[in-house]
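Note that the chains are named A, B, C, D, E and F in the order they appear, and that numbering of residues resets to 1 at the start of each chain.
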Amino acid sequence: MDDTLLMVIDRAPYGDWQGREALDMAFSLAAFDRPVALLFRGEGVNWLRPGQDGDAVRQKTVSRNLGAARMFGVSELYADKAAMARFGLTEPTPEAVSVTPDPAFYRLFHQVVQL
Amino acid sequence: MSHQTDSMLTLHILNKAPGHPRFTACLVGMAEGDLLLLTENAVLALADDNVRLPASTRALAADCKARGIGGDVPLVDYRGMVQLTDRFSRIISW
Amino acid sequence: MPPTEAHQAPGYTLVITGAPYSSQAPATALAFCQALVDTGHTCDRLFLYGDGVYLASALNTPPSDETDWTAEWQALLSRHRIPAVACIASCLRRGLLDEQEATRYERPASNLASGFDIAGLGEWVEAQSSSNRVIYFHGGA
Amino acid sequence: MDDTLLMVIDRAPYGDWQGREALDMAFSLAAFDRPVALLFRGEGVNWLRPGQDGDAVRQKTVSRNLGAARMFGVSELYADKAAMARFGLTEPTPEAVSVTPDPAFYRLFHQVVQL
Amino acid sequence: MSHQTDSMLTLHILNKAPGHPRFTACLVGMAEGDLLLLTENAVLALADDNVRLPASTRALAADCKARGIGGDVPLVDYRGMVQLTDRFSRIISW
Amino acid sequence: MPPTEAHQAPGYTLVITGAPYSSQAPATALAFCQALVDTGHTCDRLFLYGDGVYLASALNTPPSDETDWTAEWQALLSRHRIPAVACIASCLRRGLLDEQEATRYERPASNLASGFDIAGLGEWVEAQSSSNRVIYFHGGA
């Protein structure tokens, strides 16, 4: 366990703003050089789906924000393995490491936050 | 196109993600001949292994496109949604 | 797809119960309403209820690269002379006030956006009989 | 099928205001002499639980509002039979008739509204 | 009372109704020795036949009282909740 | 039950992300915060984020027989000199403005309740290291 804060996103994109606002929190931590990781869990794995186009609903395409995560200093991205399979996201994504969000996983982090 | 309405049949407009309790309640509440229109986060059901949708399902094109969802149900645009609300006099938003 | 032919009036009442920036409801309803008028239908009124009243705040200030749903709705309402009513009980609880309510309750300001009026649930009851369709746009949670 | 509007409450009380605001709608219809019925479905059946005390969370006790429903002119109250059993509400309540919210039930009503 | 904290153990504060996807996610995320505190609509789980709660469950008294929920887990008041947040340095709100 | 003894400062940061009248979050957080101070703990700050910023509206006007959560929080904050900060990005989207932001964005009024300030997420980042505990009170949906 290090000092890293794990930000969990378990809501699908575009239907509400919770994931965006969680991402803003993660980016803020990174901007202040605090270690932060992201976990996409449950319906939140749909953030990682290829081929998104937010313009269709007049929102920003969230996967683009995500692409910038590493640039912003968010070092680790994780995806819920079972949820990826459930939503047909079987390919390994370049962005995220597949994990099982069990107690052992959560304990790798100093703090766990979800909105 | 005629303006006949199917007076007992119902258009179910469902905007909840598949894990929401109301998603299941909607499917259970559908009668034969009813039509299901998936909007907003409900279109994720098209990619969800856990969900079995009725044959008479439509999905809003814009919401599918935003989320990168393909799927094999007929897509409707907002005008198509208007047409559906014209055709059905009974409409339930879930 | 050919445009849907219009019914004769009476037309549609749209009810929004989800807030902008917490839900997609105002956005979906906007696109639907635009499609209504594009196909010659009549939108009799927009009714805001519950968290939906947050759409009517004149103070909503989204980032310049995000859609301003309040401004978009104001433009559509004005362009097609659609009356928009926010439920008074929902508004008072959630801090949406016109000048009259601000004065009545001695609050320091009012924030109701132009194009929206505050009224009671009677407007919604009225819609049940005067409109041909009442369509609800809810939050997603 | 008559002219009755069915208002469905499927959220538990006290955690949010959706049920209260649905009830306000039902009472408004009744005030204008429009026929209206209430269905408590899913977690919403907890509106019917005996022994509530909203003061504990500084809210009004919702079951009291409900007691006034008939007085306000809401003629029919229904409760989801399976949900009642699930939440240990096995006794027949004086307020509500147990039903199964299936297509045949919904079709008894001119309109079905839920918030 | 000592102020020793169980450094790896976690207090899970859960306020979602039992049908919410996060309710299950919380139970799955709990380790042995962790404590579950049910608040707000989550206390309905005490009356829900569909839910099996871990042995180490507490519930906020005010929320139980408001909803007419009895149940057989220890109740804590808001001061008791403060004590729990004192005792656990790792706290997850679900 | 004896009162919990207090830690020495640093104390608690409370984060509210659920709105009043749509969620119980501000109510549960209020009772928790009262218990904190009653047992000699320090509440370092209240941070409002997402829908939680709606708590900070000076225009919230609940019916007289319902609890006024904004007023209750203002009283508690003032009594114990607890700083309260609402996230600026959440506030702008949702129409919560202080005078400075109202002027900057040329909006017709401001509505931030006294006792609350608007600031960036830096305040929350700061809480991670300066407070001993950061406790979140979310909406229920």
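Criterion: contacts are C-beta pairs under 8 Å (C-beta built on N, C-alpha and C of every residue); 3 or more make two chains touch, one makes a residue touch a chain.
Remember, predicted model here, so these are calculated numbers, not experimental data.
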item	value
Touching chain C and also chain D, the following chains	B, F
Where chain B and chain E overlap in contact partners, by chain label	A, D
Interface with more contacting C-beta pairs, comparing B-C to B-D	B-C
Far-end chain from chain A, centres as C-alpha averages	D
Whole-Å gap between the CA centroids of chain A and chain D	39
Separation of mean Cα positions, chain C and chain A [Å, integer]	33
Geometric centre distance via CA averages, chain B-chain A, whole Å	28
Chain C: positions in contact with at least two other chains	21-22, 24, 28, 50, 66, 89, 93, 136, 138-141
Residues within chain E bordering two or more other chains	15, 17, 19-21, 40-41, 62-63, 93-94
Chain A residues counted as touching two or more neighbouring chains	14-15, 17, 42-43, 57, 59, 111, 113-114
Of chain F, residues touching chain A in the complex	17, 49-50, 89-90, 93, 120-122, 124-125, 128, 134, 136, 138
Chain A residues within the chain C interface of the complex	14-17, 57-60
Chain B residues touching chain A - in the complex, by the definition given at the top	15, 17-19, 40-41, 44, 47-50, 61-63, 65-69
Residues of chain F defined as touching chain C within the complex	19-22, 50-51, 54, 57-63, 66, 89, 92-97, 101-102, 105, 107-111, 139, 141
Interfacial residue positions of chain F with respect to chain E in the complex	1-5, 7, 12, 24-25, 28, 31-32, 34-36, 38-39, 41, 133, 135-138, 140-141
